[in-house]
């Protein structure tokens, strides 16, 4: 019932009988882990302009400032949101946005770090997703056709499986 | 301080002074609202095969079954996750998956409904995102290069702004 | 995908294709709903005595007072804890304890009420369970052998399926 | 066990036997409710200057921008945080800050509104408290001696007990 | 105010003055901890048959699959639900169901593990309770008379108080 | 993007570009940390009397007993409530109340401890705030004019910045 090996399929979120579990990491070393996730949201040119040049009454950057906080708060909720994720104490979270003026896109990069027994890929990816959803929420009065694109892991460091980098386009 | 009009920029999540708020919907009618969101995740051919044909020990469909529950649970957390979202009591949530065998993609469709004063677009989109993140989590032992794509609203019904449909494809 | 009928098996938490969903209650009337749940915990005679007669330094009734608050707080979390439960605004929660001196048992009765589209059976049952777990937690330094027993619905009122009473005892 | 009258002491969070409960509001009308809460935080002159004039690298207003989001998010968690509070769907939340240059204080005003069976005093007060705690958190690297002061209700509207205004100042 | 000894009554969730606290475990070693909890739910023969033999449209095991996820998610919420529980990072959670065809009962076994300063008994027991409540929720359209029975600790390992096993019937 | 130094302004919750982040503590030692926070609430003489001498039907001390639990539960939610706070496992929480009969005030003292990489000032302060808000909630049927005052840090121990004590009174 509590075998620590994964099953034959290579899916370690299932035990030897194929039932979901939260995999045993008790025997693993607590080491430094890092993950960087990326995602973007495609805006119409008008929405992109509204984001970049809000009317005078509105402080620049508020949409992204709020999305940054949402990304940080969301990343901290990862183990509540993703059923088989282990809870772990994040030691660092950084959220950066870049605007692509030619393609009308906002890019988000989330870096998560911990010293723990499991990786922080899901924390970085969840933060990126919640950040982009928050941008959608705050701009949807102008345009409901925005599309969240390309949420993915860029790199991870640490852990038994070692370092990993995405093959970029 | 509590004016109910949006500001000059058309961004109704900011008040007349450009500060973020949770917009006043107290005067709005509680009507039937519906939103349908879509998203997909691109898998490698090997990961797609593992999802479709788990070894005998593993019950078919568990990955998607768990992702469905995560999507439902995540949608219910929307107002905690998205800072300026109003809390509202969902009356219906449906999550459907389809597998695209030729493109190695899993598609998720989330339908959210309520009888309330605000729309449920964010609930549907959040559910879709959490569902796809859960698929990533459960398959990432095989492949970390999966990409979440095209999370967007397909349609909404109800509310003062009326019905809306995405221009496909 | 969004049919409002339950499936052939009579299990309304699954749609016509047998997939889990949060059933559509949008068309239902918001009516007064009430549910009463019961549960008990069996203590050793020594633990029961410690609960009833704490040393002078300890105010009487604190264990039950804390369990009462935990039951109330837990009932409010029901839709986060039970995957297919609808969120609903409870209008009343009452938690009562009785001590059975001859059988060394603590009984909990939780009454939940709302004006809503779905029943509050799960809120009452969840409150009872969390209350009993809290009693266990606070007394487990004395005895780990306590047993939570007979958590069940005693009665419900309101809703399309009408009133229901458990056949006692 | 479920009498809807409060007890002899006038404390309606206790039933006729003096036990805590979440008071029955099922019979009350859902009417428009509003509450305004205020609070402030006293800073040293140096900390106040750092808040007002962050170095060039730092966008103006970020501390308050983040505190505003925390206040909004915190207000939405009120019924989870305050044991005997009813859950209710806020229809509006507004958070405003003013800076008192002569007294080195930041004032927060939180306005909460709903259409519901209970008031939103606790939502406004909780939002104000969380907003001020967030200011403390973000400035505590400079000064740990900041003091949160005068968190109180300024006014409420609606409900059976009618309107109420604090005697100022 | 912060004495680390328990009070005269042996109830370590109360300090020397009999007030509830979250007991000080800072001085304890972080060691491997394990707990196994059990519980069951009694079904009518008809409900048991519906669980075992859902109509063709319904994938086998979905009720239990969803209850498994709910048990895992619930166990992770233990320190939010049980007032005096310490938060701790679970390193492993396993949930197993067995069906007793002759007695029409579903049994749940939850194994929780951590490397930490306190035990995981409450995590295992909370997981078992939430799993059983979820089964009740999903089958209650057929029968509201199901009874949750015998939620208790089977064994624990690790910690200063050492190993413990329930005396079984 | 992930520099571990704080920015020029001395506000370490912002990175070198002035954007909010959850500061990197991965390189810090996990050491014993302690913080003590204080706050008070000013009552009218009538409300103070009701708190001290509830009618016979009401058990003495319940208001404070419930506020104590709320303070403990609230402190455990700190990293969810305060956006840039790190999650950390509290090892000890103690909540003490004192009544000032001459000034009609209730004082709360919250002591939080952990063995971790960051301090627990925010946990102690959040616990104090939630405890006082809960007292307000339970007495507001008698008087809405109560004022929460002087929520502040009294002392902290441990961490790189060393010990700190507030200048009293």
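Letters A, B, C, D, E and F mark the chains in the order given here, with residues in each chain numbered from 1 onward.
Rule of thumb we're sticking to: a residue touches a chain if its C-beta (ideal position, glycine included) is under 8 Å from a C-beta of that chain, and two chains touch if they have at least 3 such contacts.
From a predicted model like this one, the values you see are computed outputs, not experimental measurements.
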Contacts common to subunit D and subunit E (chain labels): A, B, C, F
Relative orientation of copies subunit C and subunit D, as a Cα rotation angle in degrees, nearest 5: 120
Chain located farthest away, centre of subunit C as origin (C-alpha): A
Chain of greatest Cα-centre distance to subunit B: F
Rounded Å distance between subunit A and subunit C, as computed from the means of their C-alpha atoms: 36
Intercentroid distance (Cα basis), subunit C paired with subunit B, Å: 30
Computed distance of Cα centres, subunit E from subunit C, in Å: 15
Where subunit C touches two or more other chains at once, by residue number: 19-20, 59, 62, 65-66, 69-70, 73, 77, 80, 83-84, 89
Arrangement of touching chains [line / ring / star / complete / other]: other
Chains that touch, pairwise: A-B, A-D, A-E, A-F, B-C, B-D, B-E, C-D, C-E, C-F, D-F, E-F
Complex contacts: residues of subunit D adjacent to subunit F: 6-14, 16-20, 39, 50, 54-55, 57-59, 62-63, 66, 69-70, 73-74, 77, 80-85, 121-122, 125-126, 129-130, 132-134, 136-142, 144-153, 156, 164, 166-167
In the complex, subunit B residues that touch subunit E: 59-62, 65-66, 69-70, 73
Residues on subunit E engaged by subunit F in the complex (per definition of touch): 1-2, 15, 19-26, 79-80, 83-84, 86-89, 116-117
In the complex with subunit E, residue positions of subunit F that touch it: 32, 65, 68-69, 72-73, 76-77, 89-96, 109, 111, 113-115
